[in-house]
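Some structures to go through are shown next.
In the two assemblies presented below, chain A is common to both, partnered first by chain B and then by chain C.
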Partner chain A sequence: MVLEERLRGVFVQALELEDGVDPGVIRYRNHPRWDSLGHMTLIVAMESEFDVEIGPEQLIEIDCFDAAVKVLRDVGAHG
Partner chain B sequence: MSARMAELDGRVALVTGATRGIGYAVAHELAVHGATVILSGRDGSRAAERARDLAEQTGAQVEGAVLDVSAFDAVAPAVSAAVRPHGRLDILVANAGVMLSSPLGAVTGADVRTTLDTNIAGVIATVQAAGRLMMRRKSGAMVLLGSIAGRDGSAGQIAYSASKAAVAGATRSAARELGRWGIRVNAVAPGVIDTDLIAGLPAEAKERYSTATPMGRLGTAADVAKAVRFLVGDDAGFIAGQVLGVDGGLVL
Partner chain C sequence: MTTTLRGGRFTLSQPEREAKLLPELAELTAHHYASCAPYARILAAMDESPRRDYAHCRDLPWLPVRLFKHHTFKSVPDAEVFTTVTSSGTTGDASRIYLDRAAASMQQRALSETLRTVIGSHRLPMLIADSSATVARGGTHSTRGAAILGMMMYGKNHTFLLDADDQVDLPAVRAFLAAHGERPFLVFGFTYLIWSRLHPVLVQEGLDLSQGVLVHTGGWKKLADRAVSAQEFRRGLELCGLRRVHDFYGMAEQIGTVFLQGPDTHDLYCPDFADVIIRDPQTWREAPVGTPGVIEVLSTLPRSYPGHVLLTEDLGVVHGIDDGEWPGKRFSVLGRLPRAEARGCSDAVGTP
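After this line comes the complex of A and B, so read on.
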């Protein structure tokens, strides 16, 4: 499974996204479930799924799905 | 060793500011009760030396780690590196702190910044770093070191008192945020504890504090350590966001 597909699953599960909500279009703080607490849930879920550590500065960069993909690639995550 | 003595068996604990005083007593208490302890301090060689001492005394696994909590951005990497070999972190005791005494009329900006950088920014950085690690397991317990001065104030210690009042607020906020991950955050607020921090006080001043304490004595580091051990243990499993006074009933 490619990284993006796995990450979509992480978004859906961590943010408890309803059916039909595309993780690729939501943004941090522009979706009711992606608030500051949801953000930490998402980060921890990403770290667990891809066995990586996401630093504080990278954590802030993740404000959308594409940014999350970039950070994961930067920290060496594999699909 | 009794079953009670092993209540923290298998758990990994990080204690900051643990090379002496209350921090060392806490590390000792947790080690005696079965925890693997990461004993940290600003001076890495001192921390390693104290860790060896504690391991010899208790037979527990104790490791030293260098951690200067006043360097906010360096805290997370240092905590992560210290914990990584164990693969988990179950307990954090955020004890590292400074106590600079200056009357209001003489306190300097440097005094205030030094105190706040270590006593509250450092605590927040440590809680943030430990919280990230605990979230992965959806469990954990933290105890932050406050002070009776944070509740009642203390003449001549305005920056210290303010920093410890902030610790109480941080405790409650962190408890609210981290509870959803099964992480409990509490604080202890020691009264006057007989450690080297007050070694320079005149005997009359110590006597005055003893007299003002209903229990009729100064506290010991072990008194505080036992309270911390209770709060991080399973017996405190539904206690969160609390600041527990360990002060012998002292009223300033």
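After this line comes the complex of A and C, so read on.
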């Protein structure tokens, strides 16, 4: 759960989500802040927070919070 | 679908490619005929209907790319349209390309596979020969902005050559090279900006870009107007240490498909899910190797809109088949058809 909690914070900060917006329900390009530019900001923030490298193909997989969790686990991030 | 996802490399000989693409493209023709009424009407007007017995890819009916400016071609219900890519011209109406979620993801993966051939499987530090304003929020509707954002996915530590006022940001470039210049990094930009903005800085400042891999696009028209040839472009950059240079040819109407310059020559090659056919503009028959004609581009990617077989408004020539650095056809783009409407930099990578 720790990884999820930290990732929640990364989502809120990187995508500048307003209070009350649940990172768990937004999807890539379905939320005004999560556009292509927001996506790059999010990826960079995830890499820095978890000290991992996300490849181009994994980066494409991340289209919702759960997908981000899965990619983080795949690349060996720890909570 | 999975065969397409694996197909972004440059491995298929022409007979293998023809054998793989023909049934997939024929199936796409039938799919779009059934799913997109305007496409079916245009095929009917050309006295074409999907057949099961195409002998060659060149027998498949094509759609002139300019029709995308005036028709809504969509093979998915409105509710499933996930994103729209616009190809903006300088004068004419824009083409609108409709992607559902699957198509958006597929085009990005295909592009990723294709580019991996030249930039590897890691995201590299990336120097962008453009202005940060081009991708600023709200600026992403431009084709150039969309192309840059699409490419940014393959980079990290993104650094822009130009600041928001369009001035060269030399300190930023120096800092980028100090931090990342010793290991492979990616340089991306539109061809004319590479030449008009990046190249002079390299010459004046003597910057070392020998570890850089340059990927550029956008066509040669603006440089041809300044009498700069592809050879001169490449030579000029080589003198600055930039030896790994890859031009690519692609268009919004076939988003995700890019034809990429091989490692050593100026020729463009087709990824495994795509092909080109050069047609004689008088007879529309396939032109022989070495004879210029109109470029038709074929790709198995477009499933949400009928862009799988397109007749472009570009002139090109095939230089050889299965005799180059990579298998398949090797070709060059020679420019616009004389009577084609000016479209500006309509090449687009786009974003998912």
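We take it that the second predicted complex is superposed on the first by the 78 of 79 C-alpha atoms of A that agree within 3 Å, B and C clash if a C-alpha of one lies under 4 Å from a C-alpha of the other, contacts with A are read in each partner's own complex, and residues count from 1 in each chain.
Keep this in mind: a contact is a pair of C-beta atoms (placed from the backbone, for glycine too) under 8 Å apart; a residue touches a chain by one contact, two chains touch by 3 or more.
Since we're looking at a predicted model, the values are computed, not measured.
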Partner chain(s) touched by A:Val69 [first = chain B, second = chain C, both, neither]: neither
Partner, of chain C and chain B, that touches more residues belonging to chain A: C
Touching partner for A:Val21 - first (chain B), second (chain C), both, neither: neither
Partner chain(s) touched by A:Leu3 [first = chain B, second = chain C, both, neither]: neither
Partner chain(s) touched by A:Pro56 [first = chain B, second = chain C, both, neither]: both
First (chain B), second (chain C), both or neither touched by A:Ser48: first
Which of chain B and chain C A:Asp35 touches, first, second, both or neither: second
Residues of chain A at both interfaces, chain B in one complex, chain C in the other: 37, 40, 44, 47, 53, 55-56
Footprint of chain C on chain A - complex, ascending: 28-29, 35-37, 39-40, 44, 47, 53-57, 59-60, 63
Chain A-facing residues of chain C, complex: 82-83, 105, 108-109, 112, 115-116, 121-123, 135-137, 140, 146, 149-150, 152-154, 156, 158, 351-352
Chain B contact footprint on chain A (complex, rising order): 37, 40-41, 43-44, 47-48, 53, 55-56
Of chain B, residues touching chain A in the complex: 73, 76-77, 80, 128, 132, 135-136, 177, 180-181
